[in-house]
Amino acid sequence: MNIIDQGIGPLFMDPDPDKARAFFRTKKRKMKNKVMELKDAIKEFVHDGDYLGMGGFGANRTPVAACHEIVRQGRKKMGFAGHTATHDMEILSAGEVYDRLDVAYVVGLEARGLSPCSRKYVESGKVEVTEWTNYSLTARLKAAAMGVPFVPIRNIMGTDTFKYSASKIIECPYTGKKLAAMPALYPDVSVIHVHEADIYGNSRFKGIAVSDLDLANASKRLIITTEKLITHDEIARDPSSTRIPFHLVDAVCEVPFGAYPGTMPYEYFSDEDHLKEWMSVEKDSEKFKEFLDKNLYTCADHEEYIARNGGSAKMRELRVKEMLIYKEK
Amino acid sequence: MNIIDQGIGPLFMDPDPDKARAFFRTKKRKMKNKVMELKDAIKEFVHDGDYLGMGGFGANRTPVAACHEIVRQGRKKMGFAGHTATHDMEILSAGEVYDRLDVAYVVGLEARGLSPCSRKYVESGKVEVTEWTNYSLTARLKAAAMGVPFVPIRNIMGTDTFKYSASKIIECPYTGKKLAAMPALYPDVSVIHVHEADIYGNSRFKGIAVSDLDLANASKRLIITTEKLITHDEIARDPSSTRIPFHLVDAVCEVPFGAYPGTMPYEYFSDEDHLKEWMSVEKDSEKFKEFLDKNLYTCADHEEYIARNGGSAKMRELRVKEMLIYKEK
Amino acid sequence: MTQYNTMELMISVASRELDNESSVGVGTGAPCAAAMLAQKLSAPDLLIMFEAGGISPQLPEMPISVGDSRTFYKAAMAGSMADTMEACSRGFVDYTFLGGAQIDKYGNLNSTVIGDHKKPKVRFPGSGGANDFASFCWKMMVITPQNSKRFVEKLDFLTTPGWLDGGNSRAESGLPVGAGPYKIITDMAIMDFEPDSKRMRVISIHPGKTFEDVQENCGFELLKAPVIENTIPPSDEELRLLREEIDPTGVIIGR
Amino acid sequence: MTQYNTMELMISVASRELDNESSVGVGTGAPCAAAMLAQKLSAPDLLIMFEAGGISPQLPEMPISVGDSRTFYKAAMAGSMADTMEACSRGFVDYTFLGGAQIDKYGNLNSTVIGDHKKPKVRFPGSGGANDFASFCWKMMVITPQNSKRFVEKLDFLTTPGWLDGGNSRAESGLPVGAGPYKIITDMAIMDFEPDSKRMRVISIHPGKTFEDVQENCGFELLKAPVIENTIPPSDEELRLLREEIDPTGVIIGR
């Protein structure tokens, strides 16, 4: 293959589909009960050094509870796919969980501004960084989902984003055009937060899918956190609504409000005050330590975190906001 | 690009994404009323010589009414994507509508046997044939949907299916492995049958998607036939259920029982007696002519076709079969 | 022992090859019957996937099409062709059952044409999903009646890959490493493939048949396994399930 | 005439660039406000797409995230990132609005780092969907306040493609043919790009500013269009819509 040009960024994960096949060959096919506590799921399936993917997008349907638990258990030296990673990355940065970072969008919280903690950590030199774009990371997951070592796309070329990526420019065998080959990304483990799942892992969610279907297919291990468990009969009644099938899933954890303080579509809107508080306390390392102690390290679980930040009254308030009920007269 | 090997089959459609972009740039973005009679939609959007794609799979959610209308209007010299084309192909073969055929699965009706008419036509030498597989045609539509000239897959290599395809074997720039590059397929026009659509073309269906989402994205023009029209308010109430968005759609035609005599999931099962009758009369050209006159050429529309084959009583019977109500005690 | 026909025999034998807690990509007909029988008897946790998108259905009856409503009845998911085929490509599917108009000594299959491709004597459906399944699934099996017209020295058209030209040729072709033909189940015998040459060899002979019968009904020279077993005929339970629950109207088992 | 601030001016000017019955890929902030204003005033049939999958929503208020629930409120479809990005890649999206920490004379943008990539002085978010939108959408526009720190001779990092090195360089890069930067809208002027050199040139100057003001607040030499227009200030209706309907709490227009 003539390689016209290639980026100088490190490629953190092997795109070899035969190695991935050898792994997927060993993955369990049985429809068995996979319900467990989140802390047990993180203990069993998320290891130091693993490459981590996170579902959702920009503090929307993001598995926040899982991020807290990963930090609480002190995971280190992980790789991380920064695919519009916002509050999830802020939490993982606070724990200095990762040291390899594929970047599409990081260190910011979109219209909310930038996270001092995430910035400081990425600027520290402790993190190896490879540059991508939102769509190129989606394409890398698509390649993995397809079981091929790359798919071609037509952006990224001509830029420093390409130069600091680990992609390669090839020539199209049909048209002679230049194409950017996106290497398959098979995360070791990912977490996706959904509205409903049965005990086997058959999962449903509402609203935008972002790149979660390809992420689910591409990931070697997959933890589902769900707002609630539903019966398998309900899944079987309407299999058209299943978005993630059970055989991709390793653990199912019921975590109500598991995306708080982010948004869960049709359930609760983001807690903007609390997100502002995060970004504000990050500026002062003393305050930030106190804040993390209160909200993360000394919380037994996500329920306690929520209880310390308004509890069910706050959740009802965020539901009114999400559903725009406050606009009704 | 080093091309390791290439098939000798003709490539009927240009995979150049910039040409496709130039077309899609001109496609209308406005959310306007696109409801029209099926015969007008076929007249306006399906032309002699066009390359045709059909939604569904193997007489399931297949746009049969549209196939009849295409034959009734005497379209000729079309290209056709034979992607588990069964009864749709049987109808199009009866009209000798196409003369270029991309084959994944053709001339048969799966467990029902082979169609004498389709076979005779494909064996006649009047049809140029290029070989593919079900997944390789899906991958070709995916490449077009992605706006790239090809995607790589890992099957087809080493076989005559490859030799008589129009694909090329390339070397992976990451792994050195051989990959089969599937050239993008942008059909000129496709028809997809759905359960529900609004007047703008926002469409829903239940059951398996087959390759219809990529087909919808890849097609330059798209006709939706729908069991029923629904309000746009209903689409807006639950946008998570929209499978095909309006901007891909050129025409919306309400055609109840539009997949008959095939299956429409959750609505009606296939009319196996009628499908057997098709395959049986095809053996005798006189009888077949009479049969087609009765069931196709002299029918004003799909409603008349159904009226001549059992009408609403038959439709109720097929619903009982589809829903397995006859098994209840 | 209950009387049985060759279709019942083939389906029963095929079903026993499916390990419990494994996954299988199936089509209509005998393959689907074999998978259903396995699920009911020896492999209750078999994951069945259909190429058009049906994943893990509770099959209420034999499907007519690999995309009909039965293929996703009470399923885990009614997905897409990409969902199934991508899972196969990723190495998630252990078995598949295929058939064809012709098969050669390396397990390659023809379901495309007899005669010249440009103006064929007989046009068959083509690959459908067969080439895909045979390329991706770890262990490809064939269920087919055996005769010299079907078991040929040279295929008219190689639609679906077996071991290609034998030896190392499949590995060199670019197809995924480690997948390939596993067992061939006919109305006379069970065959596998000699590990080095990848040539078809008889490993078990059905009741009432001899190796000579099998060889006579084969257009190429068959190898013999070091030990050739006697195939265990269908059990009463297998036959009961096939006749009463799986195919009561005899669409496949033709009773 | 009503008083207005520079953000209101930029959004109003930007909104007028959007043709009716066209499509636009937008982010949060000023781009979204401009698209909403256009929909309410000059382009009622504008198709708005968000990169995370929201297609044609009836935006009830300004989204905080390009993936929050507002981006698919009463939408035609709550799709996926692939749905939006593939549509862009297929040539279906006419416009996009972007921003950045730095911009150069060819409309290239930096939103990645200031300083060295390995150990940056300042780390910004990176491309997000900006490189994607700028590569695929036919006409890329930028809304940004203007000063010499932002409008620079040389970017610290070229995150998102403008006309790259000018001339024919973008066409040669492999990016889709015919797409590229279209207009740059600042608090002082509107710029486009000279057709051959692809260098930024001033085509309209906002009320109260001169070409010299614009040049002084730009780190590279600006070209002049043959005719330089005077920008029409925000109309009362534009301001009313912005203040009362689009951003009543002043998140973007900062009142």
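In order of appearance the chains are A, B, C and D, and numbering begins at 1 in each one.
Here is the rule we go by: a contact is a pair of C-beta atoms (placed from the backbone, for glycine too) under 8 Å apart; a residue touches a chain by one contact, two chains touch by 3 or more.
None of the values given here were measured: they were computed from a predicted structure.
A count of C-beta contacts for the chain pairs A-C and A-D puts A-D on top.
Computed from the mean C-alpha positions, the centre of chain B lies at a distance of 40 Å from the centre of chain D.
Chain B and chain C have CA centres that are 28 Å apart.
The multi-chain contact residues of chain B, meaning those touching 2 or more other chains, are 17-18, 146-148, 153-154, 177, 179, 206-207, 240.
For chain D, residues that reach two or more other chains under the stated contact definition are 72, 78-79, 82, 89, 136, 176. Viewed as a contact network, the protein chains fit none of the simple shapes, being neither a path, a ring, a star nor fully connected. Touching pairs of chains, sorted by label, consist of A-B, A-C, A-D, B-C, B-D. Listed in rising order, the residues of chain A touching chain B in the complex are 1-3, 6, 11, 15-18, 139, 146-154, 168, 170-177, 179, 181, 183, 206-207, 240. Contacts from chain A toward chain C in the complex involve residues 17-18, 20-25, 27-32, 144-148, 200, 202, 217, 235-237, 239-240, 242, 245-247. Looking at the complex, you find that chain D touches chain B at residues 21-23, 45-47, 55-58, 72, 74-79, 82-83, 86-92, 94, 136, 138, 176-178.
Chain D makes touch with chain A in their complex at residues 27-29, 51-54, 60, 62-69, 71-73, 78-82, 85, 89, 108, 112, 117-132, 134-136, 155, 157-161, 164, 169-170, 173-176, 251. Only residues 56-60, 82, 84, 86, 103-108, 110-112, 114, 119, 122-123, 125, 129, 131-136, 138, 142, 153-161, 164, 169, 177-180, 206-214, 263, 265-266, 269-270, 272, 322, 324, 327 of chain A touch chain D when the two sit together in their complex.
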